[in-house]
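Lettered A, B, C and D in written order, each chain numbered from 1.
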């Protein structure tokens, strides 16, 4: 049987999971933003 | 519609008879699984005659593995060799294509079932005895239910044009409750000679019919580009 | 979009046809009428939307918006009937490598509801009778192409649609295919062919269409257009050769 | 564009505030306080069907009196009998009663459900009462995942019915975010089960099994979509799969009510109803998780829109060549 204090790990696991997902989303968003910026740059410079 | 489906099934069967690729590889897989079980259990000095309930997991593990392998190649054979458009250009409903494929898969898997059953009887010295007919009935119904949904999902994963095959990942959650558990439970009951298998058979038949119905509603949508 | 001034009976008609793949637009608001008993040649560079158009006309693909009529039937409701009226030759032969020529044709023959005698008839017509029991896998690409045309003609359709009929063929096979297409037209069939072989397409075509980025940008009758004139117009429109 | 950003910001802010309030409320406002019964002053059992309803007045170790009124089955007690003797007595000297919510001397613990074990060796109440607080996160997470999969169902149906990119984007985003919440529900449930039942998972339990299947279905849904080339057939296939997959949601929700299940039924059943405090904290949790869902959903759709924008730009570039 898990003791009382130990069980607070469970709450940590839950929130850590959600925070990790948020970080993953942010990472994806940033990567995509960079890609869009890059593409726009290419379009402006290469648009003949 | 039925005639068209039969013709498509016949085409699949004659190709299979010509190449024997699918059948050979699937039966070999079945043999390997059965032998693995045999030696694993032999190591524990277990005999099936003393533990007849082990027949159910051994039999169905083999059938589902072999079945998924067989289902996977059913549509991917058409797709990879670019024959699928030929089927789709036929003046028949999309559902007939599903039915034809389903029938060919069913026949194919029934052969694999029988061979597997022979393996089980031969390698484990298992004697079905009087329960043989009911056992065969459960195997056939389980296979039918599995193939009905499996062919639909196989068509789906092929249409999704994903790079890797997603058949297992998409099919397993759909059949766990509806095919795997009832089939294994009914087989356990039969081989241990206890209990009424009607509830399980009802689930298998019901889900099989539901799959046919879903395919009727959805297969046209799935196969459209 | 130039309407053809000589209007005959219409075999295929598209109305505001649009096809998108995600954010990509393959066909943009296409209004096209293809006349009966005529050879219409569709040109265009890769990605112009030719193949997409052909897949939609042959019910393999469904439009994002707009409607398509084949012989007056809306293809979205009458897929089976339309498939029974058209013969489609795609880039892939659609013949099973593991079956023989005769077996392949017999399968399609039965599926299209034609009598089995049609198989030998077509094998004779295409000069392939002596190879009828050979597996498709061992036949030359020219023979496979001819068989794939035979497959499309198995139910003697009124409309024949070809996607790249001349690609991956030697000059001899190209000539044979061209004369066959001419014969079909003389037999009163409607032919639509999509190709990027300018010369051959021009030679067989009666109406010349050029697609670019999902639109028809050029529409002319061959009777009024010289070969050089057409080629230079094509180069100018598509930017090829520059 | 700016308006959208503002909405996103407000949503995120609200979500964070509600989450903090929920966590604090779960930890402090609705604590599980042990009441060590030293003396039973008055005690009466009523049998109504399977339930024992207990009334009584007890004293704790310090001598403070508590009234136990109309205590029914279910929720939040550890009965550690000092001397296992009279089962029917329910509460005897030496019982530890865990009470949800604040203990208020003299006012009593009216209407707070406490389960009395039938058998001291196998207490049917909570073995690990503190772990039961995961309830305030487990239930909202499960509810939010059902909501998310409901959104998948609606958007998939709308996509098949009307077409349109946005439906597909919404379905995909909702499925992915819903999968996160479903994972939270499954993992928190397993942790709680370990504390309460002594093992992480019970395969014979229909509730657990059906939720697991639901989880697998949406893993499959996300896998079908992941990294696939954007093509019209994929959204259509995914939409069909999403509709089929939603069938597992009602099964998962109702399974412990239809079939016998170890899984406790607390909300909306006759087996037990929550005390006002527990209900309030649970509602807070539901609101907080729904807000978190809305925030994540909005972010996920923004990413999907950007992906589509990129493809549009790429196409433009190709056209320019």
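The working rule: a contact is a pair of C-beta atoms (placed from the backbone, for glycine too) under 8 Å apart; a residue touches a chain by one contact, two chains touch by 3 or more.
No experiment lies behind these values; they were computed from the predicted model shown.
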Intersection of contact partners for chain A and chain C: D
Chain closest to the middle [Cα centroid of all protein chains]: B
Contact-richer chain pair [B-D vs C-D]: B-D
Maximum centroid distance from chain C, chain identifier (CA atoms): D
Whole-Å gap between the CA centroids of chain B and chain D: 37
Chain centre separation in whole Å, for chain D relative to chain C (CA means): 59
Distance from chain C to chain B - Cα centre to Cα centre, in angstrom: 39
Geometric centre distance via CA averages, chain D-chain A, whole Å: 25
For chain B, residues contacting two or more additional chains: 224-225
Chain C residues counted as touching two or more neighbouring chains: none
Contacts with two or more other chains, residues of chain A listed in rising order: none
All touching chain pairs, where touch follows the definition stated at the start: A-D, B-C, B-D, C-D
Parts of chain A lying in touch with chain D, wherever the complex brings them together: 1-2, 4, 7, 9-11, 13-14, 17-18, 21-22, 25-26, 28-29, 32-33, 35-36, 39-40, 42-43, 46-48
Complex contact set, residues of chain C against chain D: 20-25, 47, 64, 213
List of chain D residues in touch with chain A within their complex: 23, 127-128, 130-131, 134, 137, 141, 180, 183-184, 187-188, 191-192, 194-195, 198, 292, 296, 299-300, 302-303, 306-307, 309-310, 313-314, 316-317, 320
Complex interface listing, chain D residues touching chain B: 160, 209-210, 213-214, 216-217, 219-220, 223-224, 227-229, 231-234, 236-238, 240-241, 244-245, 248, 251
Residues of chain B that touch chain C when the two form their complex: 4, 7-8, 11, 14-15, 18-19, 81-83, 85-86, 88-93, 224-225
